[in-house]
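Read through the structures below before going on.
Two complexes come next, and they have one chain in common, subunit A, joined by subunit B in the first and subunit C in the second.
For the complex of A and B:
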C-alpha cells in the first residue's frame, strides 16, 4: 500500500484549463471543422407522425443546381448498411432487470439510418440531399417527392399503452415493450391492509428536451487510400460512437476515427448515435467529398433525443405514528418511436422509495412506443421523476393527515446507522447523512424566517410559497474505463475515455492526477475525444466520469509508482527494496540522491529505448458498484395573483457529492442543474398538438427556457460524505441540482396557492395556468359563499 | 455576387460573396473566425453576438452587405495587445462558462453592456439587459457575477452586495 497522497489541488476551486481557448474563440466544436472540398447535407424529414412510405422520387431534386446526390433507405440497404446498435436495456449488475411481458426479452424495433417502411414521428429523416452549398441542399430537399400514406398515430403516453392504440411495430401485439414487476408483493399488500392511512397520487411528468446550445453537427470523410472513415461529431463518448457506427457500416472499428473535442452541451441528448452521423460518412463514401451536416434549431427541437415523459401512479401506506409502511408505484415510460434507451425507466425504478426507510414496495414498470421522437437519459435520467412522485406524495400526506411536512420526513429518513442501506427494490445506498443535510438546508435557507417573509409578501398583495424536497439519486453508468498515464521529462499526460461537455474534466482530472503523483496541477494535461488516441472508455453520463476517472487514475498511479521504483533502483544502482517513494520523489538511504518523476523519465529514456516516449502505464478498471448522491433543496416564490407571474426569491441546496474535487466546478454543475429542473416545472414542454400530432415547440419562441431574467441567484453548499465504494470517495455532482428541482418548485407553488385548493394541472406551471388556478379557486370559493348565504 | 469590404478585428477585408451570405457565414466560413457560433439561426439565443461599430448584433440575421464598410469585432478581436478583455478574465475567474458554446456571445453582449449602459450596473440590470442571451449550462448565476466584476473593474466602481462580490464559486 502506498502512502496516502497529500491533497493540495484536490478540493481547491482551481480555475479551469479549458477556459482560455473558450473565452478567446478558439474552441474546437464540430461545426468549427472544415475539410477541403466539403459539401453539405440536408435531411428530408417526415411531416407525418405515422405514415407508410410508398415511394421516394429524387429526380426533381437531382436536377436542382449544385445537387450531388439524394440518398434513401433503399440506397443504404443496397450497400448493406445496417442498424444502429443502441443497446437500450441497462445491464450492469446493479441495474434493475427490465423485461417484456412475462419475462420475455424487450422488443427493440429496428433503427436504420433512414427508414424504408414507415415514418414513425414528425421530423424523422427519410432522405439525405447533398449539394455544393447548404442553401442549395435546403432548396433541393423541398423537391424530393415522398409519397406517404398516413396511418393512425398516438403520441400521448397513457393513450399509447391502451390495448386498442395505433401500433408502431407489427411484431408487438401492442405498444408495450417493457412490463416488469419488482419488490415484495405479499408484504406490501399486508402492509397496505393494516395501514391506518393510505395516500395516493397520479402524475404525468411530461416531455422535455435537452437544448444543448450547440446544434448537433457532423462532418464525415472517407479516405479510399486507407479505407478509413473520419467522423467529426460532438457526443457523449467518442469510443462508443466509433463502435456503433462501425457496426452500422459493417467495418472493423479500427477503420473509423471519431473526433469529439469541445461539445456545446449534452445533458444526455448526445449519448446515443444520431442517424446524421452515419449518413455524412455514407455521403462521403458515395461522393468522394467530405460531407457536413448541422441541425438547425428547429431540427434540434424535433429530433434531438428527448427526455422524461413518465406517468406515475403511486400510493403510500402510513401508520398511526406517521411511519411509512409500504409503497406501491406504477411507472409508465414513453420511449418514443424507437427504443434507444431504457435508462430513464430503469434508473427511476431503483429509487422509488427516495430518501426514506420504507420496508416494502412493489413497482410495476412499463415502457411504451409512441409516434414521438425517441427519449433518452436527460440530465439526471429517471430520478427527478421518481423524486417528484415520492416527495409530492409526502407533502400531500402531511397536508391530509395534519403533519408538518418536515417532521413527517424526519420520522422516515434513512439514518446513517442504516448505511449501507438496501431499499425495498434492492438498491444499496452506499452512504449519506440525510437528516443532517435536511437540517443544514433549513438553517442555510432560514426556514424559520420564511413565514415572516411570507407575511411581508402577502402584505404587498403577493402570494408566497415555500417549497421543500429531499432527494437521493444513483450514479451507475458504463462500468469500464481506461487511463493511459504518460510521464515525460516536461510533463504528465493522462489519456482517458470520458467526454465532457462543460464539466471541466481537463481541470478536475488534472487535480486528482497531480496530487496522486505529487506533481503540480500545471504539469498535468488531460487528453480526450479522438479515438485514434483514446482507445477505450465509457464516455460521460450518469454522473460516472469523476468517480470512474479518479478510480482508474488511482490504479494507474499505483502501477506507475511500482514501475518508477524499479527504474529508480536501476538508476541509483541499489536494490528495489531500498528505494523509498513519497509524494512524487524517489530516494534511497544509501545516497542523498532524490529523483522526481520528470528526472526519472529522463533517466529511464537513457536506460532503455522502451522509455523513449516517456514512462507509460495503461490501466483498465471495471467498477459496477453504484453510488448515491443525495441532498435537500428549498425555494421561495412570489406570485402576482393578478397575472399569475412568478418570481423565484430564494433557492437553496445542500448536496452530498462525496469527495468534492473542485468546488467551483461542482457549484457550477448544481446551478445549471437547478435551472434545468426549474425549467421543466415552469416553462419547458415538448407539446404535441392532440388533433394533428404535430410538435408545437420547435423554436425558442415556443419552448420556454430558463433565462437571465427568470432565474434567481442560488445559495448552494456541498456536503462531503465520502463513498466507501471507490478510492477517493467520489459520488457525483452533475445531477443533484436537477433531481429535486421539479418537486421543490411545485411544492412551493402548492404552498403559495393553498388558499385556492391544491393545484391540479400538468407541468409546466406557466403564468396562464397559475392564473387559471387562482380564478378556479376564487370561483369555487364564491360558489361556496353563495351557498352559505 | 458582390464585393464586400469591412474591417474585422481591426483588419481590412474584402471578398467576393453571394448576396444572401449572412454575416456569421462570412465570419465563420470565409474568414475562418469560428469563435462566433450559430446556436439557433433565428436571433433568439445570442451565441452569434458580435459588435458592429461597437454595438452588439446577432450576426445570424445580419446580411453581410449590411456590415459593409463598417467595423466588426468578434470574440477573437476582443483582447487588445495580447491582454484579455477584463470580461474574458472575469468569465474564467468566476466560472461563468461550462461548455463554452454560448460564451463568445455572452462576452460580446456583456462587454457592450458594460461599455454603454448609462446607469449603475446591478444584478437586476444585468439580468434584464442580458435576457437575449441563452445559456444552458450555468443557470446564469456566475455569468451575472462575472459581468458585475468586470463592470466594477472597468468603471472603477464597487460591488456593494457581498453575495455578488464574493467568489461564490468557492462556497
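For the complex of A and C:
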C-alpha cells in the first residue's frame, strides 16, 4: 500500500492550460488542417423524408468545371466498403439489457456510407461530389440527378410505433426495434392494487440537437506508399473512430490514423462516426488527392446526430402516508432512421425511480425507427427525460393529494444508510446523501424566502414560479481506458484516450497526475487525440473521462512507483526493500541522498538504454461499475402575463460530483449544462412539418438557442461524497446541470401558471406557448364565471 | 455562393452605370439579408454593386427642420450620433437595438429600408415618422414607398440615397423579439408632432410594415396609454409562424403600442 497522496493541485480552481492556446487562435480544429493538393467534397442530400432511389445520374455533374468525381453507394459497394458498426446496444455489465420482441436480438438497420435502396430522412447524403474548389463542388452537386420515388413516411414518435405506420425496414414487421420489460410485475401489480392513491402522467420530451460551435468536418488522405489512411476529424474519441472506419473499409486498424485535437463542442453529437468521415477517405483513395469536407450550419442542424425524443407514460402508487409503493413506466424512444445508439433509452431505463426508495417498479422500454435524423446520447443521455418524469409526477401527486412537494419527496428519498442502494430495476447507487443535498439547496436558494419574493413580483403585475427537482444520474461509459505515463528529466507526459471538447482534460488530468506523483502541476503535460500516439482509449462520453482517467493514472502511478523504487535501489546501490518513497522523493536510511522523479529519469537513462526516452509505464484498466452523481436544483422565474415573456430570476444547484478535481471547471460545465437543459425547456426543438416531413428548424433564426442574456448568475455548490468505486472517489460533473433542468424549469412554470390550470402543451415553452396557456386559462375562467352567473 | 462580379463604385453615377451594364446586377449595402441569401445559393446575381463606398450616401445632418441620414450610414453610426440622439432619441435607440454589435457595424439604414424585410426595425421608424425616401431619381413619402413583403416602390436600378426624417415632438418604440432569431415578432413605433400621431408596426404584418389609423386617431385626441387600452387589432392581416401566431401578434401589438406610449422618448425591448 502506497502512502496516500497529498492533494495540492487537486481541488484547486487552477487556470486551464489549454485556454491560452484557444483564445490566441492557436487551437487545432479539424478545418484548420489543410494538406497540399487538397480538394473539396460536397454531399448531395435527400429532399424527401422517405423515398426509393430509382437511379442516380452523375453525368451532368461530371461535366461541370473542376469536378473530379461523383460517388454513390454503388461505387462504395463495388469497392466492398462496408457499414458503420455503431454497436448501439450498451454492453457494460451494468447496463440494462435491451432486446427486440420476445428477447430477440435488436434489429439494427444497415448503415452504409451512402444508401443504395432508399433515403430515410431529409438531408441523408446520397452522393458525394468532389471538385477542385468547394464552390465548384456545390454547383456540381446541384447537377447530380437523383430519381426518387417518394414513399409514405412517419416522423412522430408515437405514430411511428403504430402497427400500420409506414415502415423503414422491410426486415421488421413494424418500426419497433426494442421491446423489453424490466422489474417485478407481480409485486408492482400487487402494490398498485392496494395503493390508496395512483397518480399518472403522459408526456413527450421532444427532439433537440447539440449545436456545437464548430461544425463537423473531415479531411481524409490515403497514402498508397504506406497503404495507410489519415483522417483529421474532431470527435468524441479518435480510437473508436479509427476502429469503426477500419471496419467500414475492411482494413487493419493499424492502417488508419485518426487525428482529433481541439474539438469545438460535442455534447454527444460527435460520439458516433459520421458518413462524411469515411467518404473523404474513400474520395482520397479514388482520386489520389486529400479530400476535405465541412458541414455548413444547415447541414449540421439537419444531419448532426440529435438528442432526446422520449415518450413516457408513468404512474405512481402511493399509500395513505405519502410513501411511494410502486412505479410503472412505459418509455418509447425515437432512434431516427438508423439505430446508432440505444444509450438514451438504456440510461433512462435504469433510473426511472429517481432519487426515491420505491420498492417495486416495472418498465416497458421500446424504441422505434422513424424518418428523422438518428438520435444519439446527448448531454446527460436519457437522464433528463426520466428525471422529468418522476419529478413532475411527484409535483403532480403533491398537488393532488395535498402534500407539500418538499415534504413528499423527503418521505421517500433514498437514505445514506441504504447505500449502496439497489433500485427496483436493478441499478446499484454507489453513494450519496440525497436529503442533505436537498436541505442544503433549500438553504442556499433561500427557499423559505421565495414566497415573499413571489408576493413582491405579483405586486409588480408579474406571475412568479418556484421550481424544484432532485436528481440522480448514472455515469457508466466505455469500460476500458489506457494511460501511458512517461517521466523525462524535463517533465511528465500522460498519453490518454479521452477526447475533450472544451472540458479541460489537459488541466484536470495534470492536477491529478501532479499530486499522485508529488510533482508540480506545471511539470505535467497531457497528450490526446492522435491514434498514432494514443493507442487505446474509450473517448469522452457519459461523464466517464475524469473517473476513468483518474483511475488509470492512479494505477499507472502505482506501477511507476514500483519501477522507480527498483531503479532508485540500483542507483543508490541498496536493496529495493531499503528504498522509501514519499511524495515524489525516493530515499534510504543509508545515506542522506534523495532522488526525485526527474533525477531518477536522468539516472535511469544512464543505467539502461531502455530508459533513454524516459521512464515509461503503460497501464490498462477496465472498470465497469457505474457511479451515480446526484443533487438538487431550484429556480425562480418571473412571467410577464401580457406577453408570455419569461425571465429566470434565480437558479441554484447542489451537485454531488464525488471528488472535485477543479471546481472552476466543474462549475463552468454545470453552468453550460444548466443552459442546455433550460434551452430544451424553453426554446430548442427540432420541429418537423407534420404535412411535409420537412425539418423546420435548420438555422439559428428558427432553432432557439439559450443565450447569456437569458440566464441569471447561477449559484452552484459542489457536494463531495466520495464514490467507493474508484481510487479518487470521482463521480462526474457537468451533466448534473442538465439532468434536472427541464424538470425544474417546468416545475417553476407550472407554479407560476397555477391559476390558469396546469400547462398541457409540449416543450419548449416559448413566450407564444406561455401566452397561449394564459389565454386558455382566462377563457376557461370566463366560461366558468358565466356558468356561475 | 455562385460566382459574381464585385463592384465598389465611388459615385452614384458609377453605381448606376455598373447596374445598367450588369446582366442581373444587384446592390449591396450592409449585406445582412443579401449575403446569407447568396451563401445559401438562393440568389445568383451577376454583379454585386457595393454602395457603401459612395461618400454622398454617408453622413448625418440637420437641415431645414429635417434629420437627414445618408442611406449607407451604418446602424452603429446612427445609434452613436449626437445629432440623432438630440433630435430623435427613439431613432437612435432603435438603431442601437438592431441585431448585435457585428450587425450594427455593417448593416445600413438604406439597405434595411430598401429591403423592407417584414421583421426589420427601420421601416417602422421611416413610416412611423413620416420620413421621405430620397433616391437617385425622385423623392417618395414613406406612405408610398413600402409596398409589400420585401417590396418597395423602387424601380429596377433605383438607389435609395438618403432618408429625411421630420423631427417630431416625441417618439417612442417598443419591440418584442423572437426567442430564436431575436428579430421583432412585433414592434411598434409611435411619433407625435403637434396633434398628429403616427403609429407604425413592423415584425407582424402579412404585407410588411403598416400603420394603425385607429390607434393614431385615439392618440391624436389623447396621447396617453389609456387612450388605446380598449383597442384591438385584427389578426387577419398578420403573419403567423413558429414563433408567433397571428392572434399572439395581434395581442402583442396592442401591448407594445401601449407600452411605447407609457414611456415617451424611449425604446423598450422585450423577449
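By our rule, the second predicted complex is superposed on the first by the 789 of 789 C-alpha atoms of A that agree within 3 Å, B and C clash if a C-alpha of one lies under 4 Å from a C-alpha of the other, contacts with A are read in each partner's own complex, and residues count from 1 in each chain.
Everything below uses one rule, namely that a contact is a pair of C-beta atoms (placed from the backbone, for glycine too) under 8 Å apart; a residue touches a chain by one contact, two chains touch by 3 or more.
Values in this document were obtained by computation on a predicted structure and should not be read as measured data.
Engineer: Now for A:135: first (subunit B), second (subunit C), both, or neither, which partner does it touch?
Structural biologist: both
Engineer: Answer with first, second, both or neither: which of subunit B and subunit C does A:767 touch in the superposed model?
Structural biologist: The second partner, subunit C, only.
Engineer: May I ask you to decide whether A:682 touches subunit B, subunit C, both, or neither, giving the answer as first, second, both or neither?
Structural biologist: second
Engineer: Pick one for A:503: touches subunit B only (first), subunit C only (second), both, or neither.
Structural biologist: A:503 sits against subunit B, while subunit C stays out of touch.
Engineer: Any idea whether subunit B or subunit C touches more of subunit A?
Structural biologist: The partner making contact with more of subunit A's residues is B.
Engineer: Mind working out whether A:700 is in touch with subunit B, subunit C, both or neither, as first, second, both or neither?
Structural biologist: both
Engineer: For A:754 in the superposed arrangement: first (subunit B), second (subunit C), both or neither?
Structural biologist: Neither partner.
Engineer: Could you tell me if A:642 is touching subunit B, subunit C, both of them or neither one (first, second, both, neither)?
Structural biologist: So A:642 only meets subunit C here.
Engineer: Let me test your reading of the model: by the given contact rule, A:251 touches which partner, first (subunit B), second (subunit C), both or neither?
Structural biologist: In the superposition, A:251 touches no partner, neither subunit B nor subunit C.
Engineer: Which of the two partners, first being subunit B and second being subunit C, lies in contact with A:62: first, second, both, or neither?
Structural biologist: Neither partner.
Engineer: Once the two structures are superposed, pull the subunit A residues common to the subunit B and subunit C interfaces.
Structural biologist: In the superposed arrangement, which is not itself an observed complex, subunit A uses residues 135, 296, 700-701, 705, 709 for both subunit B and subunit C.
Engineer: Taking the touch rule as given, give the residues of subunit A at its contact with subunit C in the complex, in rising order.
Structural biologist: Of all residues in subunit A, those touching subunit C are 135, 138-139, 142, 296, 298, 640, 642-645, 682-683, 687, 696-697, 700-705, 709-710, 766-768, 771-772.
Engineer: Report the residues of subunit C in contact with subunit A in the complex, numbered from low to high.
Structural biologist: For subunit C paired with subunit A, touching residues are 1-3, 39-41, 176, 178-181, 183, 242-245, 248, 251-252, 255, 270-271.
Engineer: What does subunit A use to touch subunit B in their complex?
Structural biologist: 13, 15-16, 18-27, 29, 31-32, 34, 135, 210-215, 262-267, 294, 296-297, 501-504, 663-665, 667-669, 671-676, 699-701, 705-709, 711, 713-714, 716-718, 737
Engineer: Once bound in the complex, which stretches of subunit B touch subunit A?
Structural biologist: 20, 28-29, 32-42, 44-45, 47, 74-76, 78-79, 84, 88, 91-93, 95, 97-104, 107, 123, 126-128, 130-131, 133-144, 163-164, 167-171
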